[in-house]
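Heads up, the next two complexes both have chain A, just with different partners, chain B and then chain C.
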Partner chain A sequence: MTIRRLLCLMMLPAALGGCGDHSMTQQNRYGTFTKAALFRDGTEAQVPPKGAIAQGELDRARQVATPPPVDMALLARGRERFGIYCSPCHGLSGHGDGMIVQRGFPAPPSFHSSRLRAADARHFFDVITNGYGAMYSYAARVEPRDRWAIIAYIRALQQSQRTDMTEVPQLRSKLP
Partner chain B sequence: MQLFRPGANTIAMLVIAAIGATPVLAVGLSYQLMRSPYATDQNVTRNQPVPFSHEHHVSGLGLDCRYCHTSVEKARFAGMPPTETCMTCHSQIWTNARMLAPVRESLAKGQPIAWTRVHRLPDYVYFDHSVHVAKGVGCTTCHGEVGQMRLMRQAAPLTMQWCLDCHRNPAPHLRPTEAVFDPNWHAPKDQAEAGARLAATYHIHTDHLTDCTICHR
Partner chain C sequence: MPVEEMGHRALPQPADVDNRVVLAVVGGFLLFVAAAIAGLLLFLNAQVPSAFLPRTERRFPAPALQTSPQADLARFEAEQQARFSGYAWVDRDHNKARIPIDQAMQLIAGRGPHAYDAIGDHDAQPPPADGGKP
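Let's look at the complex of A and B:
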């Protein structure tokens, strides 16, 4: 009996020592997107108050107003961003036959239609920013500068589908 | 009078050896346990409010990681997509699927979907996605074959040992910029030279990469 009592006594400090987490793995602060009792909606991800202006907002407004000069770097960036955000529906060549369209999404118009060949760059910019028809807005996913880059790449795609072979004679040898 | 049989010597030696070996083995065992998938939560498939399949969206549809994880190149946090991103397609496709009911409810109520976290680092670890992808560490290097996962699971142990293995010698894992988001990338045969070359181009200097303050700030 005494041995059992002694054992119980010996266990007590061990049990007390386990109280609380001293490892600092969970610290007294909110991580990204965690639950937060402090706020009424229970989340750490708070919407900025009405009228708040984000850092860099002026610069962003400038980017919206003035298209950047088109060079190879911008085209490469546009090609990359087009591949990420546009090609799922518009297709890699811009015919409006991307994988999501093949799976049942309403087909967007081809970039090679005469209407979109004639459309000015601002039209494409507005569509990316605000959405159009079934297409959602991409304003939150694509920065203004990247929108211009994508538009430059769309122009390159349009050019690629209406080019006369005589303009690129060195290409003929590469074609099957 | 003989108290012990001749075999008693052997038994005595074995007992002494066992007493000596027990602490060594116990330390070894607990060390192995600490690093085992049982302790690191490796390969545990988590239940999610919506059974989102990376296999379908990545391998089946060919979506780029950045279509949903938009801040991975810009911030510490790779970014969890808002419900709006799901609805970009699912406002038109599978609009009545029961599986997607929580997504529609989330959009209607303006309440984010509460996903179960799969990769969790201790709070004393500073980790930044943007610098890793900028320096040629690909998504699947740490997250495993995401394109084969129907439900998300943690592929790597995420132990300090595992972080340090790469911080000491990153070259075998480095990819060219255009391959960072490629879910099917495999190291080429000449990775030893290619990796060293890439480390130089990315300006990766290992002499400070194992400093405490790199990850503990």
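Let's look at the complex of A and C:
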């Protein structure tokens, strides 16, 4: 008799398993890639309607097309982003000799070469967005506005490394 | 059981095996091995003469240990920052000089709508080998 009671007690947890709410797992819905009579093309896998765009895409496109005005705040932002994303390969001064390059990665071109000093800002933007050579795309990491900020900072680096005497008053007196 | 049968079973092989056949098979095998070795040597001598040269000693590379990566990176970045932290001549003949980055940022910010334009001077030179310290 005692063994029977014990067995009944042991069965009790198994019976409790049937008390759960299965409404989350047993829903009236289509499985992935199954036939669906609800839609005209008969498939559950529906594509977005024509002309649909992702949230924020229009704003992003506007930022890509229109560079923000350059001020010290934007340049400071570009300096910070450059230090994070660009300097490991391009080097802090933009000579293409970052720490990754010291470890054997192919050296990127110097921002102070004649070609890149004369390059259009859009060229830099396209390279950041799409990648170039060994450099992969940074579109997913750097927002369009930050790309422009980095480009403005690259211009400041180029200015810093080669400035004409006429651009800075009393520059000659500060030189050794 | 007859004694003759027991004696026959005790032998490793029947007495009627021809020894000459065994010798011919073994000898043929040895000849084949000798010919293969000779052929291989001839081939190597003709096609891969370096196979007979004494091997050069292979030295193991020294362990590339970096005891303090953070300190190394900080020193490396300090060296790079020195390139745009002060004043220095770049090209005295053409009146070109290096200025601190903060001043360069102010110059760029002061250009207004032309801030993104290419830097006018296109006759830039590659950076000096000494790292360009002022």
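By our rule, the second predicted complex is superposed on the first by the 111 of 176 C-alpha atoms of A that agree within 3 Å, B and C clash if a C-alpha of one lies under 4 Å from a C-alpha of the other, contacts with A are read in each partner's own complex, and residues count from 1 in each chain.
What we mean here is this: contacts are C-beta pairs under 8 Å (C-beta built on N, C-alpha and C of every residue); 3 or more make two chains touch, one makes a residue touch a chain.
Note that this is a predicted model, so its numbers are computed, not measured.
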Counting only touches as set out at the top, which of chain B and chain C does A:Tyr153 meet: first, second, both, neither? second
Per residue count on chain A, the busier partner among chain B and chain C is C
In the superposed arrangement, which partner chain does A:Ala140 touch: chain B (first), chain C (second), both, or neither? first
After superposition on the shared chain, which partner residues are touched by A:Ala119: those of chain B (first), chain C (second), both, or neither? second
Once the structures are superposed on A, label A:Gln26 by its partner contacts, choosing first (chain B), second (chain C), both or neither. first
Which partner does A:Arg40 contact after superposing on A: first (chain B), second (chain C), both, neither? neither
Which partner does A:Met99 reach: the first (chain B), the second (chain C), both, or neither? both
Now for A:Lys50: first (chain B), second (chain C), both, or neither, which partner does it touch? neither
Dual-contact residues of chain A (chain B, chain C) 99
Which residues, counting only chain B, touch chain A once they are in their complex? 61-64, 66-67, 70, 76-77, 80, 82, 84-85, 87-89, 91-93, 112, 122-124
Chain A to chain B touching residues, read off their complex: 23-27, 29, 31-33, 43, 45, 83-85, 88, 99-100, 103-106, 134, 136, 140-141
So, in the complex, the side of chain C touching chain A is made of residues 73, 76-77, 80-81, 83-84, 87-91, 95-101, 103-109, 111-113, 115-119, 121-124, 126-127, 132, 134
Residues on chain A engaged by chain C in the complex (per definition of touch): 67, 69-72, 74-76, 79, 87, 91-93, 95, 97, 99, 102, 110, 112-114, 117-121, 148, 151-153, 155-168, 171, 174-176
